[in-house]
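Okay, got some structures for you below.
The same chain A turns up in both complexes below, where it pairs with chain B and then with chain C.
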Partner chain A sequence: MSALARTLPIRAFDVAEIRMDFPILSRQVHGKPLVFLDSAASAQKPRAVLDAMTQAFECEYANVHRGAYWLSEKATTNYEAAREKVRAFINATSDSEIVFTKGATDAINLVAASYGRMVLKPGDEIVLTALEHHSNIVPWQLIAEQTGAVIKVVPINADGSVSVDRFADVICAKTRIVAVAHVSNVLGTVLPIELIAQLSHKVGAKLLVDGCQGIVHEQVDVQALGCDFYAFSGHKLYGPNAIGVLWARAELLAAMPPYQGGGEMIAIVTFEKSTWAEAPAKFEAGTPPIVPAIGLGAAIDYLNGIDRTAAAAHERDLLHYAMAELPKVPGVKLVGTAQNKASVQSFTMDGAHPHDLATVLDRSGVCVRAGHHCAQPLMDVLGVTATARASFGIYNTRGEVDALIVALHKAREVLQ
Partner chain B sequence: MTTSMPTAPDTPVMISPEMTFAELKDNFALFDDWEDRYRYIIDLGRKLPPFPIEFQTEANKVRGCMSQVWLVPGHDVSDGRRFAFAADSDAHIVKGLVAVLGILFSGQTPDTIASIDPEVAFGDLGLDQHLSPSRRNGLVAMVQKIKEYAKA
Partner chain C sequence: MTALAQVEADDLKALYQELILDHGKNPRNARLVEHASCTAKGNNPLCGDRITVTARVNAAGVFEDVAAEGKGCAISIASASMMTEALKNLPVATGRQVFNAVQQLCTGKIDVAAAKAMLPATLNDEIEKLASLGGVKQFPVRVKCATLPWHTLLSCLDGQADATTEKV
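Up next, the complex of A and B:
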């Protein structure tokens, strides 16, 4: 099935055509056309994903693995085919390096609880950046508390960029784990993963990348990035929620103890002692998210079917257009203007709380996120309590940026 | 050095609504579009008694994700048995919605407070999306606090 998908010709990128693939984009909210600018929180799903999941439930559903009957074999084949699709998508060397999780948060918690507990000793250091999402902070705090390890934070620059020099200042012989976002969910900053990987490995530390925002905007090759763990969620990648991926180097997964116990993850169980299955099964206790995994596989097939280089250029165009137009609205200030950015733009408006902005924009059909974006430490660094954030996916248009601008002018009138 | 420093009051001035919820609903029905409704709500917030900055403390903060809300419980000055509260938000619309909660709850008897379903009331105004229990925002948390305080 995946072989067939790969042989399908790649469509030339046409945003009007792309929009037709996403049923929800034709709906209205509050009597206005939907302008969905919140894909960084969760992306909309193409028909192909919905169809694949319906097909899985209607025709090919049973529990996976060790079923002796045809239907279970079929479901298992589909589930494992999704794993192969993920492997190829991120250029991992083997299927067994792909662990399906509940989501990216679950994947990071897995690494912290399993790998972290295995290696961290009192005084060891975990290096994070000031722009991390709470899900790449709190799991490390939990394991630091349990092991006596210490968290060190790499500061960011005023424009939201991160200097490699700052990493060089913080990473030292005591560093065991470095955990960073590929792309900031608030600022859009793209982090120099290859260089951070080199610095980490020089001192023998492992690098985890929170790829939630990274994998949706660019082609990810985990081998080229040089990291040791890469975590992402399905629902931001135009797939369903309740499915995430942890990629880890085979030798790390082999050495790591299980994260949760249950069915599927064992080899032999007696009341005296149990032995574990090989990875990835070792980390997939219980019945896995079967249909969400199949849905994620369909999302990957969908993305493989479009010209992703052109899609990335389209997203960049939207970002640059928004970055040029937003400051023309009186009182609007951009938050996050690093050179290397993905299509995520935070902003504030003088005299208007981001929550109020989002509330008024909603009545124009414009969906933006407002708040601390699960990055309270970053808000402190930026000196704000909240921002409004517009994020652009493959299906957004310049016309939608225009609609945002018109709605912002209206909001300004209401809120001044 | 000076002896005439005014001492800070123990509590901010409690909200004592100038209209009933039925009157608010009638006023609301006069507006054709949401921009005007939000303007009206913001005005309601602006007319709230001042909430001095020294009460914007962590202890008085109601947890919410998008905006900050502070709440101080107390009693109606005209009738010490009735529950009242003072509250504030750093967001204008949220502050206006706080005023709507004031109209519903502040100065009411504990029995009345227990019997009011603010979700229904907000629904009558077309504002239900601001108070659905699934939204983990400051207003929902504020209603919970009001109900707890009124019971105590």
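Up next, the complex of A and C:
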């Protein structure tokens, strides 16, 4: 069936058709059509993902890698097929480089706890940027505390962009690990990963990319990017939650010690000593998120079935339209205007706190995120306590941007 | 406008009524109390709002001065502002009762009449004003905004330095 799915022709991109694939988009909230502009927090799911998960539970469910019976074998085949879909999707060289995790946070913690603990010595440096999500800050703080390593932060420019020169200033002989977002979840800034990879490798450091927002908006080729680790979550990629991916170079996974102990990840266990399975099993202790992985595979099939270049152009059009229309609302200021941006736009309105804005917008059916977006250090750099954020996925429309603008005018009335 | 949409619009008006917007934009006692007998920082980790509440309680157990300073949404700033006005010159024990009434108003457990019945009649006017915070009851995620200043004051009275909406 999956072979069939892969040979299906790619559909021309038509947003009206795409919207029909997402059942939730036809519902109303507060008596208004749902205008969902918070896909950067978690995206909605197409019918294909829901169906694949129902099918997995209803017809093909058993634990994986264990049962010597047909159903378990079937579930195992489906789970491993999802791994292969992920591999192909990010152009990794081998399935064994794909570790399934609970999510991106789990994947980054895995790298910090396993690779970080293995290589970091007192005085070694971990380089982050000022725009990181807490998920790509706190795991490094924990491991820095345990190893005596030090965290260095690459600053951002006023428009939210990051200059390669700033990386060159901070990365040095003491740098062991560089960990950066592919795309900022607050500002939408796309980071120049290839160049950062070159700078990192020049000093022998490894580069981890937090791909949560990156993989959603562009086709990712981990080999072309040149990074060493790439982490992302399924739920932002139109797949289910409770599943994430860590991609790492085979030789790194081979050298890294296990992150957690348990079933699945062992070769031989005795009370004297246990030996580990090979990657990726070494890093998948316990019963894995079987059906979420299958759901992620279905999300990837779904994306492979649409014209992603056209989808990316559509998202860019929405972003540019929003960037042009938002500042026309009195008091509204854009936060994050870098040249190279994905379809994520933060903004503020004079005299209105983002939380109050989000409450009023919600009553018009418009869902935006308000707050610090799990990036408090970035809020400090920007000199705000919070922003409102609209993020656009493949299913959003210019009409929805218009609905946001109308709702903002109304919010001004209510909050003045 | 559909009937549902009208209810929603009325809810919004109830939440952002003039009194709230006025206190939200021009908070009273937005400062630090001199010679404070207690100080506490309140923090809502969900939205990053932070406020500092300071108070001076005299030997007789009466609030001589209460102030609240910080950054936050209209609801939390208005609530803080109204709290500082309501509590001034009240005995601490009565202040705790006021907090109790406000909390129940915000969660929709009681109405204004019931709140008044809980407290001395001399506070009727203050309760009328504080009841405007009750608009949050239709907005469950915003209840914490309204109660944050009060929780912060309470933790300051109880000798803790900090309050967070996630603990309370």
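The working rule: the second predicted complex is superposed on the first by the 414 of 416 C-alpha atoms of A that agree within 3 Å, B and C clash if a C-alpha of one lies under 4 Å from a C-alpha of the other, contacts with A are read in each partner's own complex, and residues count from 1 in each chain.
Throughout what follows, a contact is a pair of C-beta atoms (placed from the backbone, for glycine too) under 8 Å apart; a residue touches a chain by one contact, two chains touch by 3 or more.
Please read these numbers as outputs of a predicted model, since none were measured by experiment.
J.: Check chain A with both chain B and chain C modelled on it and let me know: fit or clash.
T.: Superposition result for chain B and chain C: clash.
J.: What is the contact status of A:V406 with respect to chain B (first) and chain C (second): first, second, both, or neither?
T.: Neither chain B nor chain C is touched by A:V406.
J.: Just to be sure I read the superposition right, which of the two partners does A:H30 touch: chain B = first, chain C = second, or both, or neither?
T.: both
J.: Just to be sure I read the superposition right, which of the two partners does A:Q376 touch: chain B = first, chain C = second, or both, or neither?
T.: In the superposed model, A:Q376 contacts chain C only, not chain B.
J.: Determine, under the contact definition given at the top, whether A:D356 touches first (chain B), second (chain C), both, or neither.
T.: Touch partners of A:D356: chain B and chain C.
J.: Of the two partner chains, chain B (first) and chain C (second), which one does A:T385 touch, if any: first, second, both, or neither?
T.: both
J.: Output the chain A positions appearing in both contact lists, the one against chain B and the one against chain C.
T.: 30, 352-356, 359-360, 363, 370-372, 385-386, 414-415
J.: Show me the residue ranges of chain C that touch chain A in the complex, using the header's touch definition.
T.: 2, 4-5, 8-9, 11-13, 15-16, 21, 25, 46-50, 71-75, 139, 142, 145
J.: Spell out the residues on chain A that touch chain B in their complex, using ranges where they run on.
T.: Counting only chain A, the residues touching chain B are 30, 352-356, 358-360, 363, 370-372, 385-386, 410, 413-415.
J.: Residue numbers of chain A touching chain C in their complex, please.
T.: Residues 30-32, 351-356, 359-360, 363, 370-372, 376, 379, 385-386, 414-416.
J.: In their complex, what parts of chain B are in touch with chain A?
T.: Contact set of chain B toward chain A: 34-35, 38-39, 42, 65-68, 90-94, 130.
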